[in-house]
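Two complexes come next, and they have one chain in common, subunit A, joined by subunit B in the first and subunit C in the second.
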Partner chain A sequence: MTALAEARGVTRRFGSFTAVSGVDLAVSPGEVVGLLGGNGAGKTTLIRMLLGLLRPSDGDIRLFGGPPGRAARKRVGYVPQSLGLYEGLTVAENWSFTTAAFGRAGVPVPDRIAPWARDLVGGLPLGAQRQVAFAVVLSHQPELLVLDEPTSGTGPLASARLWEDIRAAADGGAGILVTTHNMEEARQCDRLVVMAGGRVAASGTAEAIAGPAADLEEAFVEIVTRSGSRPAGA
Partner chain B sequence: MWAMIAKEFRELRRDRRTVAMMIVLPVLLLVVFGYAANFKVSDIPVVATGPQAGQAASLLPAPTFKVTEIDPHASEAQAETRLRNGTATIAIVTGGARPLLLMDGTELFSVQSAQGALSRLSPPGGMSPRVKILYNPHLTTSWVMVPGIAGLILVFIGTLITSLGVVRERQSGTLEQLAVMPFRAWDVIAGKIAPYLLLAAVDLAFIIAVGMGLFHVPFTGNVGVFVLGAALFLLVTTGMGVLISTVSQSQGQAIQLAFMTLLPQVLLSGLIFPVSAMAAGVRWISYILPLTYFIQISRGVMLKNAPLSSLWPPIGLLAVLAVVVLGLAIVRFRRDLAAGGGS
Partner chain C sequence: MTWGLENVSVTIGKTRALDDVTVAVRPGRVTVVVGGDGAGKTTSLRVLAGLLAPDSGTARRPAKETIGYVPATAGLYGDLTVAENLDFTARAYGLSGAGHARREDRILDRTGLAGARRRLGGQLSGGMKRKLATGMALLHAPELLIIDEPTTGVDPVSRVELWKLITGAAAEGAAVAVSTTYMNEAARADQVVLLEAGRELAGGSPDDILRRVPGAVGTAPGPQRPEGPSWRRGVNWRVWAKDGRLPPGAARVEPDFEDAVVVAALAASGEGTAS
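Let's turn to the complex of A and B:
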């Protein structure tokens, strides 16, 4: 199966500092890939390269089999940690802007966020904002979803709902790359890639990474510590 | 308390931009504006025409007057053209029974200084010249200020409001979102500045209408020429706003920088003090400020009925500034956008 997004031996240097070093990663349709790592592990740099926001110093990035250009971006949905919503606009106005940007103007606001349609995004609680951001990013039915800490700052109920949505999107055929610090959430991914010091320190299913002790958090700390990095944020 | 004071000084020491604002900028402004702010105008550009042009010109005392041209063959109409073009503030037309002094009433301080200097002169043969103040016969201050203030307000909107709008986009993280949307960089730039351009244009029309209605400022010239000059000026100021946003990490920094561009335009553009009266060391600053040229255009069109042929130098220079400033702004903004909003 052709990968939706693929990094092959990707390295990114900033001056003498190497943020990402020789990373291989692929996201296929219908799978949820979790990207785990402490602060400074290189997750965000890798995501930015996959989205075409940063050029790799070495290696190759492929998005839908080609370079990550404007045409490829039409098929991608991205929710940054800051959500990327306009807080001074209402939910309906944010929806209208994004659908128009992706050439789908006129698509009605989905029922699940319709109750907030007239509310300013900035006035909504963070959990609701994240639900809005997720609904908005699905408005153009992207084939690849990139979610940076999608449940950060939300309560357990909102997190559970978001993960239901993530799974539903994957079941619908979308490939999903999600960064998380939450080990419970990491368990819901089909595959995990653990990054430390800019390198892939481990990859596989949550069970394979957790090992016989079946404690993913402990395994994560050990992997990161073994690689010489501090497991910040874990 | 001492710990607090020490902490504050440590923070300040590392905040070079604020230290520069507090120490370097006031000294710089004092020196620059000290040389620029001059109510006593000298070197008023004069053109002398007609058969006795040379003789009349020799009577004018320096340094108040600076005869820039003596043309014995030029007529009164040609002398007036020099005033309309802005190449001279005063024209002496000889050849009639009494010499005629034409004065450009849009140059308030220059005309007042000239009147003062001329009143102290004893004309040869006791024959004092006729004086005709053109374009603003009663030397009404509001007539001169309204076209300039309109430009100043456009600087405020174009530069400050635009820069705040772009910085807000970056601070909220939405610039990164725009970078991964299927927009071309040009779509984002044009979409971002077009509303500000439109608002500023509406604002300009409103200001001019209020100026005409409330202060009875005349609009004697061609609206098309005015619109052309205003459009170019708006492109420059909006470009400055985008440029400022690309070097500002926060809205506070954008405001600081926007005011640093605003202040020189208030004092060095000819809005208050004539550019010709400024010390040569600071006058060159006037020539790189867009408001200098917009004021020449707005006063020229509104008060002097100046045609495009008279105003092509300021219009051309505004066009050059627009290309340079907007070009630089677009290049930097594209780079920001390609990097996902991080500058």
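Let's turn to the complex of A and C:
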């Protein structure tokens, strides 16, 4: 299957600093890929390149099989950790603004967030705000979703509902890239890519990465620490 | 002596911030208060620290000068260096001498901040700030250490270092109360209090919480949603049957801590009672 987003041997340098070094990554339709890494591991730089916001110094980026330009970006949905909603507007107003911006004015507010339609976004609990942000980004039916810590800081039920929505999008054929520090989120992904020092330090299912100890966080810390002390071999 | 909250309720404005919450914090042990945004974590820790009076219920704590409290934001001076932050704290508590100097060195060592003594607090990374603030609260070897969300947004490597500091303080005898939004941190605590919207959904040791999961938890393949209260786990569904009778197509699994937490939340919300 053709990947929705793909990085092949991608490197990005800022002056003498190499933020991303020889990274391969692909997100296919219907799969949820988790991108893990400490602060400064290169996750944000890699995502900015995948979205065409930053040019790689080396290597090749493909978005929907072509270069990542404006046309391709319309097919992507991105939910930053800050959610990107207008807090001073109601849920319904946020909805109509975004749908209109994507040329889909008049689409009704979905059931999931309808109970909050008249509430100001800023006054809602974080879990509800995240569900609104997710519904809004899904309104233009993106084929690729990029989510930054989608459930962090929410309670157990709100988290469960959010992952239901994320999975439903994947079941509908969207490819999903989740960046996270959160091991509960990592375990929800089909496949993980662990970055350290700008390189891919490990990849595979959560079970495979956690290994026999079955503790993903411990395994993750070990991978990151090991690759930090031997950058060339990682 | 056990510190903590007993049946504490607090109303802030019109919001019932805490509703009959009990948190036990024992010397040498770590109690984790876990929950999402608006659960009541900060309020319960503030009541424990004596910064907020409860409307009803009791809060037990040692003398003020033997408490270490780290709020969720700051807890350090941005325009002082790492070393100055520690010195200031030491003077405020009247600490001096060789014993104190050794303790300060050990804390700097454990936090990985030894190489950053001369950096300004305000210029440290998020993880380093949390480590410094926690280190400062540990300096006077408090009997009760209270830390509000030390690891939120902190990368996993710093998170592990922070937890070493926290469990190290408990090993030295401190009673420790920590809040977090990460379930995997709660699963490793001695005692857990799970809060949502000011109410206690579950409490006890992680094992107690697992043992008390009512009914049965099963797994069913996706994408078709199984009957009954259910939530996603990767490509599969988890399903909970309060009466133990799982729907067709679901295979029983041993619940893990995350399952236990979701079931507690489902039970509290009234889901699963209709079946």
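Definition applied: the second predicted complex is superposed on the first by the 228 of 234 C-alpha atoms of A that agree within 3 Å, B and C clash if a C-alpha of one lies under 4 Å from a C-alpha of the other, contacts with A are read in each partner's own complex, and residues count from 1 in each chain.
Definition applied: a residue touches a chain if its C-beta (ideal position, glycine included) is under 8 Å from a C-beta of that chain, and two chains touch if they have at least 3 such contacts.
Values in this document were obtained by computation on a predicted structure and should not be read as measured data.
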| item | value |
| --- | --- |
| Superposed partners subunit B and subunit C on subunit A - clash or fit | fit |
| First (subunit B), second (subunit C), both or neither touched by A:R73 | first |
| Following superposition on chain A: angle at subunit A, subunit B versus subunit C, Cα, nearest 10° | 100 |
| Contacts of A:A158 with subunit B and subunit C, given as first, second, both or neither | second |
| Contacts of A:L85 with subunit B and subunit C, given as first, second, both or neither | first |
| Subunit A: partner with more touched residues, subunit B or subunit C | C |
| Subunit B versus subunit C as contact partner of A:S16, first or second or both or neither | neither |
| Partner chain in contact with A:F102 - subunit B first, subunit C second, else both or neither | first |
| Smallest distance from any CA atom of subunit C to any CA atom of subunit B, in Å, after fitting | 5 |
| Footprint overlap on subunit A, where subunit B in one structure and subunit C in the other make contact | none |
| In the complex, subunit A residues that touch subunit C | 36-39, 125-127, 152-161, 163-164, 166-168, 171, 181-184, 187-190, 216-217, 220-221, 224-225 |
| List of subunit B residues in touch with subunit A within their complex | 172-174, 176-177, 179-184, 338-340 |
| Touch list for subunit C against partner subunit A, complex | 35-39, 125-127, 152-160, 181-184, 194, 196-197, 222-223, 231-235, 258, 261-262, 264-266, 269 |
| Of all residues in subunit A, those that touch subunit B in their complex | 48, 51-54, 70-71, 73-74, 76, 78, 80-87, 98, 101-103 |
